[in-house]
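Chain naming follows the written order as A, B and C, and within any one chain the residues start at number 1.
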Amino acid sequence: MEVRLDRLTKRFGSVVAVDDLSLELNDGEMIGLLGPSGCGKSTTLFMLAGLLTPDVGEIWFGDENVTAVPPEKRGIGLVFQNYALYPHMTVLQNIMFPLINTKVPKQKAVVMAEEMAELVQIRELLARKPSELSGGQQQRVAIARALAKKPRLLLLDEPLSNLDARLRMETREEIRRIQREVGITSVFVTHDQEEAMSISDRIAVIREGALQQFEEPQLMYRNPQNLFVAKFMGTPAINILEAEVHGGGLYCGDIRLAGANKAKAGKVLAGIRPESFVADADGFAATVGHVEMLGRDLIASFELGGQPVKALVDTETILRPGNVLNFRVKEGRILCFDTETKELVGSV
Amino acid sequence: MMRKRGLELGRWKGLLYVLPALVVVAVFTVYPLLRAFLMSFYTKYKFSTDTVLSYGINNYTYIFGDSVFQKALSNTFIYVLFVVPISIAISLVLAVMLNEKIRLRSFFQTVYFLPYVTSVVAMGIVFGWLFHSNYGLLNYFLGLFGIQPVQWLNRPSTALPALIIFSIWKSLAFNIIIFLAGLQTIGAHYYQAARVDSAGRWRQFSRITVPLLSPIIAYAFIIGLISSFKVYAEVYALFGGRAGPADSCITIVYYLYRQFYVNWNFGIASAAAVVLFLIILAFTVIQLRVAKRRVHY
Amino acid sequence: MRYKSAKALSKSLIYLVLTLGAVTTILPFLWMILTSLKGGTEVILMPPRLFPSVWHFDNYSRAMEAAPLATYFVNTVVVTVTSTSLMLIVTTLAAFGFSRLKFPGRDVVFGILLATLMIPGEMLIITNFVTISRLGWMDTRAALIVPFMASVFYIYLLRQFFRKVPDTLYYAAKVDACSDWRYLWKVMVPINKQAMSTIAILNAIACWNAFLWPLMVTNSETKRVLSIGLVQFQTEAGTDYELLMAAASMLVLPIILMYLVMHKQIIKGVTQSGIKG
């Protein structure tokens, strides 16, 4: 099912939680709603669920306007960060609950619930109570419950935040697998950019209620529309340098970072991802200040034109503070942002 | 259109859930409260037709001039003054002992809490039997120590003490329950620290237990005051439906009961009720202050 | 060495005091039961004998012949069970309304309800007596039950418990096509059944032991409850203490039995609510 959010606005008192937000979701797509906490992504999700009504705008499920349709009539499944399982019911009863509510005969509900349990691989847990399950298992039950009534749209509100790092990775892949298997259009709310990038077909970055960019993860990472998106995506974070275009080149202080023949002269903010630096004997020299070992990579801190910079370096050579390295920046990988509007103006 | 109506219904649906409770409280708590104030100014009232013939402050002038009401007031204050502090002191000691690492602890707790659940009326009658001048168990025990039988319930001078003894016995349980709960929240590290500083039991009690428990002691004190001011059933049961020999144990509520139910003086009884309300209101306000501090504590 | 013996001494002191206290606490109950099983002459024996020489269980049937205690007992059970059930329903609905649902003026109304907690019930009996008689409910079970159908304190207490249930559970239920009504009975109530049964027990005890109000509004044999029957019996039985104690035992023993079964829950409930019986 396609889903369309058309110019949604939601206010809480004087606070604008969601500001003129429009999105179009394709059938079977997994969308990541990404942004810092309090940016309005959960409000958007709740409006999709029908738990909140937008002040302005419309929500369309396929060719049906569902803006005023109550949650139970929307055909959605909802998964919460804290799982929201009914503590007094067994796993089976939890999964069956939405079915029984919609008057599905008990025999049939049991069969459907068991199918769901099969899908999320918790068959052997059906007789247990939620308190007897691990966090990862509880989240699987929550997903099974959300999917049991065969919804048209699956909504996940920070479903992995209560899990520890290892389980988070595992459950993330599991959610992706289930979503693909069922082929259901899904919206995944998260504040973790890495999570969003790994799970989503497309990501919508939201800041203060407004959509910043809606794009596939790779393209978004490569071409962030503005400084906020650039900074939000990627760890370690992108380096932002005050730079200037003059004489056909982009300069940071005295150092020429790249040629910029077509760019118009003036100040810009240059965004360089840590992995865009490559060792080059002909490049600029940098004295390593601080070294952080990540395992596969090293982060070397140094100064570039008097501004602090972090670069990813391979671990082949032993690097110590005080060593001098020569770098250049990969071609086309310097993102130039307008100093005023913070919008992307081009890359060199 | 549809949507709007749905939402409107939703807006008021919550009220339907609370409505039964609101009706009951309105009819049997709020209305009678207001009416009681009003009724205390009824000087001529016909109950059979529920009509008021005249209003005035005569009821108040009457009760404050009535020596029986004065007696009821002073009895109630004496009663409260003895029952509350003594009960709290005894229950504090017992609670601290119950909180020690002792054998049969849960047995002792179960026994000590027993009077909390049992009927005041029934136990009042039982105490009436224990206080019996000739065959009472209490006089028998006193006799073992060579003390002559006391005419507990038949002499004005001993009737009030008998009532006080019974009430202390009855009220210990509640205080012990909440003190024990409070004691269990005091961390063992305080006592460990005290032991390192070689503080003795008494110093531990006076320097750690009592100060740390003080908010709960204050709570028990106020709750005890409020409920003791309403003493009535104890008197009724202990003295077999009388207010003790020569009204020696009459209390505010007993006075209210008599004016209302025996003499059918609705106005005078209401005036007494208003006086009771004001006394209790004062202590409730204090309690709210204390409770607030307890939260911060 | 000295430390050890001092410790042993204080331990024995604790046991001594606790035992004395326990004996004092339990003696009236014990004496009530033992007296209720003694023969008429044995009761007034001086010095008293602890155990009866012949166990007179027939005192109970004699007491029931002397006064309609059996009827009173049944009345008390009926009133306690009905009153507690209705109170629980009304209180649950209100607690849910005040915690989960929203309606205009909700918090103001709740504030007013809380304020009524300051009113001593003894103050209301006069006007409530008038109301009951106007309603024509004098000497009916309704008079004993209806005024106590809503307990503001228990609404407050239960509301606290309801508020601890995470909001997301409610949202999940909404999405799962569960109505408010169904959510209350299928989710909220089962989750809070511990708290609710505690409230039910505490209320049942209070109802069982109630005295002043039943004394005022009932006067016929078919409506009277046991506590009233007991004080009436006290004036009638006069010096037959074994019968009086049998009647008192009938009021006290059921509660003691209930207490022995559920004392953990009762004590926890008292601790949480802090109400004085």
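As a convention for this text, a contact is a pair of C-beta atoms (placed from the backbone, for glycine too) under 8 Å apart; a residue touches a chain by one contact, two chains touch by 3 or more.
Keep in mind it's a predicted model, so treat the numbers as computed, not measured.
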Sort the chain pairs by how many C-beta pairs are in contact and tell me the top one. B-C
Centre-most chain by CA centroid is C
Relative to chain B, the most remote chain by C-alpha centroid is chain A
Approximate Å spacing (C-alpha centroids) for the pair chain A, chain B: 61
Mind checking the centre-to-centre distance between chain A and chain C? Centres are C-alpha means, answer in whole Å. 57
Nearest whole angstrom, what separates the Cα centre of chain B from the Cα centre of chain C? 15
Can you list the chain A residues in contact with two or more other chains? 70
At least two partner chains per residue is the criterion; list those residues in chain B. none
Flag every residue of chain A that touches chain C in the complex, lowest number first. 46, 49-51, 70-74, 76-78, 80-82, 84, 86-89, 97-98, 101-102, 145-146, 149
Chain A partner contacts - residues on chain C that touch it in the complex: 166, 168-169, 171-178, 182, 186-187, 190-191, 193
Given the complex, residues on chain B that touch chain C span 11-18, 20-22, 24-25, 27-33, 35-36, 39, 47, 50, 90, 93-94, 97-98, 100, 102, 108-123, 125-130, 132, 134-135, 137, 140, 169, 171-174, 177-178, 181, 201, 219, 223-224, 226-227, 229-230, 232-233, 236-237, 240-241, 253, 256-257, 260-261, 266, 269-270, 273-274, 276-277, 280-281, 284
Chain B touches which residues of chain C in the complex? 10-11, 14-15, 17-18, 21-22, 24-29, 31-32, 35, 43-48, 90-91, 93-94, 96-98, 101-104, 106, 109, 112-113, 116, 118-120, 122-131, 133-134, 146-147, 149-150, 152, 155, 180, 205, 208-209, 211-212, 216, 227, 230-231, 234-235, 241, 244-245, 248, 251-252, 255-256, 258-260, 263, 266-267, 270-271, 274, 276-277
